[in-house]
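Quick heads-up: structures coming right below.
Note that chain A is present in both complexes that follow, paired respectively with chain B and with chain C.
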Partner chain A sequence: MDVLGNYKSVISARSADKDIQKKAQDGGIVTTLFAYALEEGIIDGAIVAGPSDEPWKPKPMVVTTKEELLAAAGTRYTISPNLQLIKEATRSYGLDRVGIVGTPCQVQATRKCQLYPIGMRDVDDKIALVLGIYCMENLSYQALEAIVEDHCNQKMESVKKMDIGKGKFTVYTERGAVSQMPLKYIHKYVQPGCHVCLDYVANLADISTGSVGSPDGWSTVFVRSNKGNAVWDGAMAAGLFETKDMADVKPGLDLVKKLATEKITKNQKHVDERKSFGLKSDGTPKALRNPYETP
Partner chain B sequence: MSKVVEISPTTRHEGHSKLVLKVNDEGIIERGDWLSITPVRGIEKLAIGKTMEQVPKIASRVCGICPIAHTLAATEAMEASIGVEIPEDAKLLRYILQCANRMHSHAIHNILTLPDMYIPGTDTKINPFTKEEPVRSVALRIQRLREIGQTIGEMVGGEAIHPSNPRVGGMYMNITPRAKAKIYDLAKEARVLAQDQMEFMIAILRNYQNRDFAEVGGTEVPIPKDLGYHNQGYMATDPVYGSSSLDENPTWYPERFTEVRPWDWYMGEMEVSEADPNYPIGGTTPVGTKTWPQMQACTGVPLYDGQPVEVGPRARLVQFKNYDEKGAIGLQIARQMEYPETAYGIINALDALNTSGDVVADYIPQGDGSLGWAANEAPRGTDVHMAQVRDGRVEYFSMLVPTTWNFPTCSRALEGAPWRLAEVIMRAYDPCVSCATHMLVVDEDKRIVTQKLIQ
Partner chain C sequence: MADKITIGELHLSGCTGCLVTLADNYEGLFKLLDDYAELVYALTLVDVRHVPEMDVCLVEGSCCLNDEISVEELKEARAKSAVLVAYGACAAYGNITRFCRGGQWNQPGQEAFVPISEVVDVDLYLPSCPPCPQAIRNIAVMAYLLLKGNDEQKQLATAYLKPLMQLAQRGNEACGCDLMYDVINQGLCMGCGTCAGTCPVRAITMEYGKPNVNRDLCIKCGACYSQCPRSWFNFDVMNNYEGIIDAINGAMK
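After this line comes the complex of A and B, so read on.
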């Protein structure tokens, strides 16, 4: 199995837009692509993880302007049920061409909606651009609070940015403090459902992007589908991105591949273990359900 | 010597019904019974004890062609019982939803009607499935009208079939300015198509009125000039939307309504004594089959002022526009005449809609058991729901659905027609038989039922 999925090209890139650079988690790829797609009419709205009333708790929202996109920029390390809005976007929002960004599982859900639309009438043909972000695992909001407020000893509302990288969970505050937690302590906080996920770099997206493999402030971008390719080429022609050849950047594609392999190997083991999780009275193993197999 | 013919099942309408017809030697109907043989699903009984939020969503599932009628009537019956006034913008969204559904429903009925009709000036019946002109472009126009109706319904109602947006106290969502603009565009396109479709259908129907005969299963059947005439009254509450007990001047009167059992109204046990194996397609019920409308009918017989009444497009036009054309084709023409208002209604409501306005009432009472009712002018006529809500739960729920009203009326309208045209008369009512089939309750004397008194 190819752990990085199918793709046409892989590039290290960052947005040429200074406003986006300032707000973005890494290279500002998603914000820039959606802003471009909105301007060009490729999409007429996008479902993103926007801000909510609680600090660092994302709320899915439909955005139609660059300003709203900028407000949604940055990673929030907790669940944002973006698919919640995929039908509503085609209803009261009146969208004909929907953009959506999501983690690998959310991209999978989007594709499943398109192929097996159960209670998803008129959604399949209105999905115009699917952007995926790399995801190793996710946390509940309480878990994020515990990490930030207990392990890192910072108040949620004073945090400016959170980042996972180089074996650390790092918190940056508005007033300039930096706190860290070794990533090895994160395990008990991870959402259990993430342990059966076999996708790291959003294999089913039109374009997927993430920080791993590229230097700080840059993103590693996989251009996957024909549609993704057309959008990427258009954005490049419009001069929206600075790029570097993936072969020239450190740590490069090898690290992406290594992490993807680790995730998939570890989680595949977990999937396999579920087959003999329990014990029947006759001594044979009793399985937990495996969504990747037909029962 | 009269004979008994039975057409079972009837076709090209919603649901499951049959026609039991007593005919004379010329094949003219002396007495006809059109009855539902759709199994009773008992929504009204199952509703008891459930929440007022849930029941309208269940009631919607009575019918997939006019779910808007049941959703809105049930929701508004709950609102009438608890006494909540919904915001103006929620009303406008519901009005748009109502018009959009009527547009789609009338258009789909055109497809069901056209195979009875002729291309004017020819003896060729219209086959909506043919790829040949002029029929194909008509079929495409009908499909576009339906697509527009359903798309608008989807945006304001959340879903075209079983709308999700209506809730007790208003709507869940207002629409965005983008959605409003899209609905304007679609309604403007539909306005032109609806006008063309209306004119086309009226020409087709007038041509049928001017014909001397129709061909049914190889037989030339004379078309009487009084096809489908009846002397029953009409009942309608509004030209487009409806009425409820919250209104200052409600336009429906519960005290004028009574209901009798099929036993009191339909024919008794009989044996089929005439059959036509060539009746399209598959023939009529074979000779010797026992039939018993009194026992087999799955609807009650609702009466208004002690009489069966007609509801639907013609009733609305008679009541509010002095329409005076009788008969099956007169009813069909009235239906076509409702087309333009579906599009204009949407445009006018949009003009008034504030997309930033509140769509849910600030305070939603939980009810003290008062009786409330709401009438929705469904595509097929007046759909009255009655409810009593206490502490957020439904204590009593009843549905008086358009086709229930029309069953006995249409049965009377069959008299004097050749039996082979009975289905043409029936189809003029745009029957929705699963809508019509609901619970029937009998009082201690086992005779008369007054839904109002049931607890």
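After this line comes the complex of A and C, so read on.
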């Protein structure tokens, strides 16, 4: 498989909905698609990273209205264990058609639950729409705090938006200040489990989206599965998105491909290095575990 | 009929919940029995008294070492089946019977219960308590393709079943601790929350993005580790998820 995964089409797009544009991280693709899918009955609820009682700490939640979707819009650069709710969504929440958004690893987890349901009874065919967001790496909450409060010198609760792009981690405060940290300092804060991750653009999602490749306020969208294709066509027909041909936007698909290649090459090297991490008494290497080869 | 594979279920120290899970495929079970598999042995459902020859034997429950018949039947099932499956957490990992220690009427001496791989070689694991109807359906379809399919289908089935066979090689101890030993301690956890979602007794909570196991709640079923995408993730199968889901749905139509 190509570093960008299988896809049917790739488009630069943004939501035509002004409310969504205001709250969303980029083009508001995720919020718009879920709102559309709810309205059309394609899903009857979605698992998203909603707000919690700590600033910028996401809380996985099942939402069923556009208002709740808007409250969960935007990126939180820290772990939101969305899969925690994937079975519960079909139990006490009573959903028959579940939508879920997640980073590439969470999309992988979702597909594993479908193909190899171990303790996930009646989940596989209730997963109705899987939206993936691109992800280079993620941070623990404490790491995010260190970046915002120490490196960027802002209080977590005063931050309105965080963004990674053009080599910088940027925080925008409610009162208009902008603070930045060069991304080259991020390495020690990255969640260790991210170093073995071989997926950048959520290859296994029905539709995946991210900011890279498209201008500010726009998103790059891969439409991948048959299901994704049907939903995307429906949303387009309903006039929910403005689009541009990917070939006409800057920096375009080449940058997406470059970043994906960089991530996968670097992490594949890390996976390989784990094979000879330690030393056996006979002088041969002792390996750490490789989930891509054996359990 | 001749084209079907033969399947049986050996019931050891189990609760029949695994067999109920098979039945919970509803009309899917009839489809399986109509087209793919002959149920040749299962004391709950079929009037066959002794362990027959089988292509696939699903073993439910752990084995009580203090009960001669259990040990004998398990060995007989091993000798008479091509593929022996530890069906459910008790057979694979001991599960709740790990906590047995004898001293109850009217067999106070029945105190030693082991996962079946302590007694016989096991080819494939299907962990969890209970296992999923969809998982046993998938395994039945894949076993059929493996034994009766064309080359391409055999290849698909082999790839699909491989991690479940590797799981049987990995060992027979399971616990929420596996998430520590083999995922977090190995630098592999990325905080997806699947483990917390899958645990049947809600022993796992996510604290700042990492699993925290209440080990006194854990019943040692092995679901959390097996379902974790960082226990195994076989790209050759997963990348083809759409095709495989369609193939299984197609087979069950």
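Going forward, the second predicted complex is superposed on the first by the 293 of 295 C-alpha atoms of A that agree within 3 Å, B and C clash if a C-alpha of one lies under 4 Å from a C-alpha of the other, contacts with A are read in each partner's own complex, and residues count from 1 in each chain.
Everything that follows uses one rule, which is that contacts are C-beta pairs under 8 Å (C-beta built on N, C-alpha and C of every residue); 3 or more make two chains touch, one makes a residue touch a chain.
Note that the structure is predicted; figures quoted are calculated from it, not measured.
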| item | value |
| --- | --- |
| Partner chain in contact with A:279 - chain B first, chain C second, else both or neither | neither |
| Chain B versus chain C as contact partner of A:114, first or second or both or neither | second |
| Chain B versus chain C as contact partner of A:193, first or second or both or neither | second |
| Chain B versus chain C as contact partner of A:64, first or second or both or neither | first |
| Most chain A residues touched (candidates chain B, chain C) | C |
| Partner chain(s) touched by A:79 [first = chain B, second = chain C, both, neither] | second |
| First, second, both or neither for A:178, with chain B first and chain C second | neither |
| First, second, both or neither for A:92, with chain B first and chain C second | first |
| Which of chain B and chain C A:122 touches, first, second, both or neither | both |
| Those residues of chain A which chain B touches in one complex and chain C touches in the other | 88, 121-122 |
| Chain C - residues contacting chain A, complex | 21, 24, 126-135, 138, 160, 163-164, 166-167, 170, 182, 186-194, 196-200, 206, 208-210, 221, 223-235, 237-239, 241-242, 244-245 |
| Sites on chain A touched by chain C in the complex | 1, 6, 57, 60, 78-88, 102, 105-106, 108-109, 111-125, 138, 140-142, 191-198, 203-204, 225-226, 288-289, 291-292, 294-295 |
| Complex interface listing, chain B residues touching chain A | 151, 154-156, 158-161, 165, 173-176, 178-183 |
| Complex contact set, residues of chain A against chain B | 44-45, 64, 88, 90-96, 121-122 |
